[in-house]
Structures are given as structure tokens and as C-alpha cells.
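First chain written, first letter: the chains are A, B, C and D, and each begins at residue 1.
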Amino acid sequence: MSTAVLKISCPDRKGIVAEVCQILADCSANIIDAQQHREELDEQFFMYVKFDCSELNCDRSILETRLKAKSELIGFNWSVSFKDEKKRLAIMVSKYDHCLYDLLLKHKYGELDVDIALILSNHPDLKATAEHFNVPYHHIPRNKDNREEADQAAVDLFQKEKVDFVAMARYMQILTPTLINAYPNKIINVHHGFLPAFKGAKPYHQAYTKGVKLIGSTSHYANEELDMGPIIDQVTVPVTHAHSAEDMVRAGRDMENSVLSNAVKAHASDRIIVYKGRTIIFD
Amino acid sequence: MSTAVLKISCPDRKGIVAEVCQILADCSANIIDAQQHREELDEQFFMYVKFDCSELNCDRSILETRLKAKSELIGFNWSVSFKDEKKRLAIMVSKYDHCLYDLLLKHKYGELDVDIALILSNHPDLKATAEHFNVPYHHIPRNKDNREEADQAAVDLFQKEKVDFVAMARYMQILTPTLINAYPNKIINVHHGFLPAFKGAKPYHQAYTKGVKLIGSTSHYANEELDMGPIIDQVTVPVTHAHSAEDMVRAGRDMENSVLSNAVKAHASDRIIVYKGRTIIFD
Amino acid sequence: MSTAVLKISCPDRKGIVAEVCQILADCSANIIDAQQHREELDEQFFMYVKFDCSELNCDRSILETRLKAKSELIGFNWSVSFKDEKKRLAIMVSKYDHCLYDLLLKHKYGELDVDIALILSNHPDLKATAEHFNVPYHHIPRNKDNREEADQAAVDLFQKEKVDFVAMARYMQILTPTLINAYPNKIINVHHGFLPAFKGAKPYHQAYTKGVKLIGSTSHYANEELDMGPIIDQVTVPVTHAHSAEDMVRAGRDMENSVLSNAVKAHASDRIIVYKGRTIIFD
Amino acid sequence: MSTAVLKISCPDRKGIVAEVCQILADCSANIIDAQQHREELDEQFFMYVKFDCSELNCDRSILETRLKAKSELIGFNWSVSFKDEKKRLAIMVSKYDHCLYDLLLKHKYGELDVDIALILSNHPDLKATAEHFNVPYHHIPRNKDNREEADQAAVDLFQKEKVDFVAMARYMQILTPTLINAYPNKIINVHHGFLPAFKGAKPYHQAYTKGVKLIGSTSHYANEELDMGPIIDQVTVPVTHAHSAEDMVRAGRDMENSVLSNAVKAHASDRIIVYKGRTIIFD
């Protein structure tokens, strides 16, 4: 079965589900899963439709033309993506490799519906890991004097390699607007702390000093405000007085793997809509 | 806002979502939430639609007539329920009161969208609790010699009081077919063990002897096979060697409250479809 | 079996475990459970010993005298408490009753090893609940003009009723130093947010706006800095975009019950030591 | 700091903690952590003591001689292990590699306090992974006709390589008594199901058919009864009607990694005592 995802958002109005589903029915698309959400405060409507497109009675472009015509008539935002046109992912790493291994292994097991276009690092250290998994490795050194140039080089590389979205697998660097604005809501970061509690550096040490009984990790889209983009996934695990800050770092690895790979999966399968700084995630 | 829920199930076919949504649109019903599920093995289709019915342009009966006509034409099972016609719940208890308090409190806080019709017990013990919450209390003694009569008396009482569904809040008795068959997939039981691991009596003692590191609770619809009806909700909590069987009983109370009240909420809001012994639960 | 708990803290030194255990052995006390903790940063030592005191070969006062002599000789802080001398708990409430019911029910089930001395409220509303459980109810009105007087009246009441520690079961008021300083590290508060993320008012609304994917609750000792005393327990539950702020309030109740009752249990059974603003909790 | 672990078990008697701690104090060992457990039913006593042995005033053998003498005098089982004498782990694999990667990575991060002696497989497939991590890889083919010989070859290999314990990282083969009896309570298996619910083959398919709302994984010591040895760790994750059996397999990988690596950590750090088919695990 070949599937596709249609996402719609617009001010709420009656009949929109029927009208959109009729377009799909007319093209002989079979709806497999559909979810709607209505944001109460703003009366905003969001819709996710996953459909079987293997027996379409027309070209995909015809379906898109019909959606476009309807959207202009009644007013809604829409996007459609076909599963057989996989998104291309770039993974950015520094020296920590746990999130990298996790993404590469989950990709190998068929859990991530993407092509891994490349690994980009500001260090040469993880080249052997990239080779072990047969993924191209690019090394662009980056320091406080060449951030702009390094990020522009990254943008150039990503565009050349047709990268659709980016996972910062513990990249440990603050991106410049050059890179962030080239991929708005398409760069996923993992923060090793339970946002918005502990922002910035050494969140586990902050957590230890405060004596918290839970620590967490957060994946989010990167935007210009440090560690404050739209949150995608969060996990916590219990800790006790007996956990040193180093123990928390250890406990954090599995959480970081989990929230980053969940975010990559959700983005890859087109299940996320960003609205007013929050994510709406269909499942 | 006044809302309603429409549930559909049928063999999967193209266009059904559009056709059903068109009926709603024609009646000026606004879809708030909708979920579909396709059971891969059987190619069976399930659909849940929650809609705003406060601005219907016709009688509710007209909407139902149109659904009936369409269902006869293209073949699907359907039911519609209106939130302002609350379901009436009977709570069955024995002597343990934790699940009873939990349901009465959650009802008081507005979390359970039901009218609590009555409490039925085989013991007089919990009458004061019923009175504290202003709920009618009925005492029907039950022992091994009068099970049939007691269950028939329960059925009579439930029908007189227009009971729609039943929560066995640790009733601790095995129901006869007389009662079970009068309310198929409408009697919710809570089992103080992680089914299907530990069936029958004293599951926590079985868990202790086995040395498990997790214990659980399960809510399910009661059917004629003891503790084997369709599962609705399950929870586990970690235990260690230091937990005695009595400690597990304590740890179990919160779990039992949780799985039973979750099941009552899901049933009350018409989010459950039973298919081949499994539950499909929309959320 | 009659049990007691001995807690020791001091700068770490060799042999202290043996010396302390020898005192217990000399009195014919049998150790049931013991835990030590060494705070790496400060080289501080903490010890918890639970022992069977039903076959002591001497008066309890003799045991205490020997501990005192040894502590003066080698330098350590110590306290001993006997389980049959139950702590007396005061519960402070406002109008929300879920934490109150939870504590009263868990006490009834034998899970809280305390005597509930009284319920104190700034409103008359929950008197019937207190009566249902046969607990004395005291109403001390409190507003912005009489905080000092009200808190002094509370202190007077607690001392008259020999209250050992206090649970603020959603009391919803900021205590004055008059009350806080009378019971240092003996007043337990529950904060309906995951500290230190969302301090102050309406944390669930803050969480909604931020778009978090987890919400939490925290129990902690009250001190003069609002919501910043030593943390005792924390819990989180997942939420999605579909949770309104009101839904989060609902989801929060079970968490608040859990973290508050866990804190009361830990304090009642003398398993907590506070050190430099953090809690060391033996289990 | 150099540390060691002393484990004691015996029928409960007064004074044993003091006597044992005195031996440690006499040797100038400093207790860092200690935990006791008393099994109520059998009046059996268990003790775990972690101590700093870097400033012992005598040879380690002297300490052991004193423990032996005392044990013969008052009767207890004991064992002592020194952290700088790392245990040697053999990892057994078949074709699935997720648990293998997880162990190799956690070892690399310093989370597993072992030396990885070798990887043994009945297939050649994972040789490249072993080489990537610089661990010796041994291939011993195994089929229904040569089980005995293959397991004897494994025992010979393990003894030659001074293997202390074994992790079956999804080895997918039933061991013969030849191998099991050579390493009693030293072979850790991971079962991809929540024992004792679903034993034997395809537990996720069993779980799907039953319609469970949680799936789990279990690590346990292997013994002659299939999947019934002493349980070490268990984890569950929620599933819904929308999870296919294949989805459950995916969800299971992280759980399997978690329970197996937790078991290896606990065994490696000498925190487990097996008693009557149950594990007592100090933390």
C-alpha cells in the first residue's frame, strides 16, 4: 500500500471535513486514518488525513490541483506529502554519539521513514561511526570566529544534498539565524533538561543543586530564542538524593535518544503542525 | 456548546468518510473531532465523529433517519448519542470502598459525564458513604444459594432505574449470565492484577511468590469467562523485593481507581467500540 | 513487632556504622533495615536504621542516653523515634477537597502512620467531610488584613493539640513566617506545577501557553521563599495539544494526591533528612 | 577511591550488623552505602555493604580470613568483590543487534562496570559490529542436531576466556543444561514479553490477539525451566488498538535494551542475591 498525508488548517467552519473528504473520494483515495483538532480559544481548525493513494484514478498533480482550487474557494492552508517520496534528513553532531547511534539504528530497523542524507559535524571524531553505517560524513569546523561562515556552508551543503529537515543530535552549538531561518520549524534540537525549567548550560548540575526528584529531556524546533522553540516531546525519569550530577547525565542519555527520535519520527511522517509557538501532533 | 458522538463500523470501502460527513454537513452539524481506524487483518473500518449539534438545522430524529437510510444503502453499523442525554451509571460494591470514593469524587469534580443512578451492594456497610454523596443505596444480599435471584433483582432494579451501564467497583462477586447478558459490554470490572498474567484469586500473592518487579491492574468488560472480557485499560507500577503482598495491595488501590475511572470515562463518552474481543478506544 | 527509627548525620568518618550498630546490639535491638548515604561533595554521612525494639533489654531512655553519650564523644547529630508514638498531623485546607479526601482515605486504609489531630480551614465548606471521617474541624477565617493573627491562632491551636507536622492540602494561602518558623521543615505543601518551572499562580495555564508535553506536581517543605523549599516528591504525566488548561487541572488532581500523600508517608515514618536545601529520603 | 561490595545472607539474628561492621572497621574500611533486608516469611536476613577499601590497614586476604572466621563462628553466607577486579562479560547474540549495540555503547560510556570478554554468536552476521567496537567475535554454529556440542564449546570458550557472567542479548536459542548449569544464576536472558503472562514464542502476537493495553519486557536469570528463572527487571509501555503486532515489536526494542542493561549493571555491581527463585536487588 502506498500512502499520503494531507494536512489542513484554517479558521473553523462547518462542512470542511466533508468537502475535503469528497475531493479525496472523487480521486478514489481511501482514508485510512484521520484526526481533527479544534483550538477552542482561537476557533482554529486542524485536520490530518492519511490515505491510501495506490489506486488513485488520476495523477497526483490532479489531486493537488483540486485541493488548491478548493482552498482558494473556501480558504484553508494545506499540504500533501507522499510516503514514497521520503524526506531527506541531515544529522548534526559534535562529539557525543549516543543520539547519533540511536537515529542510525532506528533508521536501520525501519522505524524512521527518511533517507539519511548526511552527517555534519564540527569535529572529525565520529567519521568511523558514519562509515560503519554507510552514511556520508561532512566536517565543517566551527568556532566563535567563523559561526556565520560555518552555518552558511551548512546551508549550502544541505541545499546541494536536498536536505528536507535537520536533527541536532547533541550538536552543542548555538545556531546562527543564517541556518535557523533557512529551515524554519525544520531543525529539531534536543535539550538535556526539562524545559522551561533549566535553560542554558549544565541543566543536570542545576537540577542536582535544586534537589529535584525528576529530571527530563525535551525535543523542540530550534528558533532564534535559545531553547525556546515549539516543544515536540518531553520525558522525565525519577532521581533521588543518591544521584550525582554525573549519574543524571547517564540517566539522561536514554531520554535524549527517546525525545529526539520521537520528534524525528513525527516530523518525518508529517504529523506535526506548528501554531502560535505550540505543536499540534497527530498520532 | 452541545455535542454528540457518531460511531460507525463496517467493512472498509472508499468514500465512506465523505458520505457520512456530508450527512452531518447537510444537517449543519460542525465536526469537532474525528478519528478513524482501519483494522488491517480484517479490512474493517471504524469511525468516531464528535460534532457540535447546537445549530442543527433539523430535528435530531431527521439526522438519525438520514444515517439509517444511508446505512441501509451502503451497509454500516452506526450509533449516535447526545451529550445532553447523559448515561445513567450503577455502581456495584461489596465492602472495599476506594474505587467507590474515587468514582463519586470524580463525578463531583465533573470528570465523569454521567448521572449516578444508584449504588448496589451485597452488604449494608457503605450506606453512609452513599448518603454523604447523596446517591441512593440499595442492598441486595447475595450468597452462594441465591445468586440467580440476587442478579435477577439487580437487573430488575437497573431497568426500573433506567441504568445504561454498570461499574463493578471491587464487587468481589462472580456475576451470573442473568446479569451479564442483560448488559453485554456494558458492565465494567476491575481486576487487581495484570491480566492475563494472574487470573482468579489473590493475584498480588501470586505476584509476590513469583518475584515480579511490576504489578498491575486491568479494567475490562465482564463476560461469561472469568476475568477475560475485552480489556479497556491497564496500568503497572514497579515493586521490589521489599514489597510484601500487603504492600502490593496498598500500591494496587491507586491503580484500581485509575483503570476503573478511565474505563467509565471512555464508556460514558462513547469512545469505545468492541470488535472480536478487543476494544477500539478513540481518544 | 514494635519498631523504631534512628537517624544519624555527621561528617564522614570510619567506623561510625559499627559503633552505632554496637549500641543497638548492646540494647538487644534487632536491625530490620538500614541505609547509608555519603554526600560526595561535602563528605557528609547520613544513616537511617530501622530496628525492632520489642525485645530491648533496657528502657528506651537508656538507649537514648547511650546514643547521646556516644554522639558527644565522636560528634554526630541523631534522632530516634518509636513507631508506637505516632506523629500527630494537622491538615490545612481551603475549598478544594481532593487532597483532603485522599489523605483521610489513605489514613483509613492504614497507609499513613499518623494520628490526624485536626483539619484547619480558612473556610467553613469542608466541615461535613471532616465529620464524615470523624476528624475535628477548625475554621479560622483568613484574609489579607489578618494573616498574622490567623497564623498565630493556627500555631496556638497546633501547640494545644500537640501537632507534630502539617500537610497543606491545597490550602491556597501564603503562610507568614509566624507559622512557617514554628514548624521548620515540618509543613508540607503541594504545588500544582512542576517546580522549578512554573512558580506562582495558575501554573497549568502557564504550561498550556508554553505548549509543554508533560505537566507535573511537586510536594515540598514550606519555607519563607514561595514554592522554593526542599523538594520531597515529584510526578509528571503526559499531555498533548488537545488538553485545555482545564483538562490539565483535572489531570493534576491525581498527581497532587500522589505527591502530597507520599510526602506525608515519608515524613511520618521518619525517612527524610533535610541537608542544604535538599532532601535525603530513605526508602 | 577504590570500593568493594560485601554481601551477607543468613537466618536473622541480633547483632549481626554490628559484628560485620566491626570487622570492616578493624580493617580500616569505610562504609559508603549499606542496605539490609529482612524476609518476613522466612526470617531470613540479607545485607549489602559497599565500602571504600583504598585505605585498608591489611591485605584483602586478611579481611577475607576474618570474614570467614566470623561466618564459621556465627553462621552466615558471604561474598566480597573488589571493584578494581572487574567481572568479565560474554554477550551471546543471534541476528538481532539492538541489545548488542545497547550493551556495547553503555560499556563505552562507562555505565557497565565490566570487561567485555567476547561476543559469541550462532551466526556470522554481527562480526562487523563486534569489530567496530574492538571486541573479539566467536562464531559457533548451532542447530537442533548439535546443541549439546555447541553449548559445551561455549562453556569451554567461556572458561578459557575467564568469563564471569553472560548476557543473552536476544540469543533466540534455548540453552541446554550443559551451559545453564555451568553458570547458575550467571546467565541473564531478556524475554520480549511481560512474564509470566506470555511465555514462549511470539509474545507480541499473543498480546495483540488478546487486546492488551500494555506490553512489557523482562530480564531474568536463565534456568532449566523456559523463561521462568528469577526475574531481575521488568518494564511496560502502553499500546492501543492502533498498534499492530509489528508496531509492538518496534516498541519492544527500547524495553529490551533497558531491562537487559539494567540486569547487567546490577549483576556487575554485585547488587543481586537470589533467594528461593526471587531476586533481592539492592540499589
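Going forward, contacts are C-beta pairs under 8 Å (C-beta built on N, C-alpha and C of every residue); 3 or more make two chains touch, one makes a residue touch a chain.
Please read all numbers here as calculations on a predicted model, not as lab measurements.
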{"item": "Angle of the C-alpha superposing rotation, chain A to chain B, to the nearest 5 degrees", "value": "180"}
{"item": "Centroid spacing, where centroids are CA-atom means, of chain A and chain D in whole angstrom", "value": "37"}
{"item": "Distance between chain centroids, defined by C-alpha means - chain A, chain C (Å)", "value": "42"}
{"item": "Sequence positions of chain B contacting 2 or more other chains", "value": "37"}
{"item": "Graph class of chain-chain contacts, one of line, ring, star, complete, other", "value": "complete"}
{"item": "Touching residues (chain side chain A, partner chain D) in the complex", "value": "97-98, 101, 105, 109, 111, 128-129, 132, 250, 253-254, 258"}
{"item": "Of chain D, residues touching chain C in the complex", "value": "12-19, 21-22, 24-25, 28-38"}
{"item": "Touching residues on chain B, where the partner in the complex is chain D", "value": "37, 40, 194-198, 210-214, 216, 218, 230-236, 238, 240-242, 244, 277-281"}
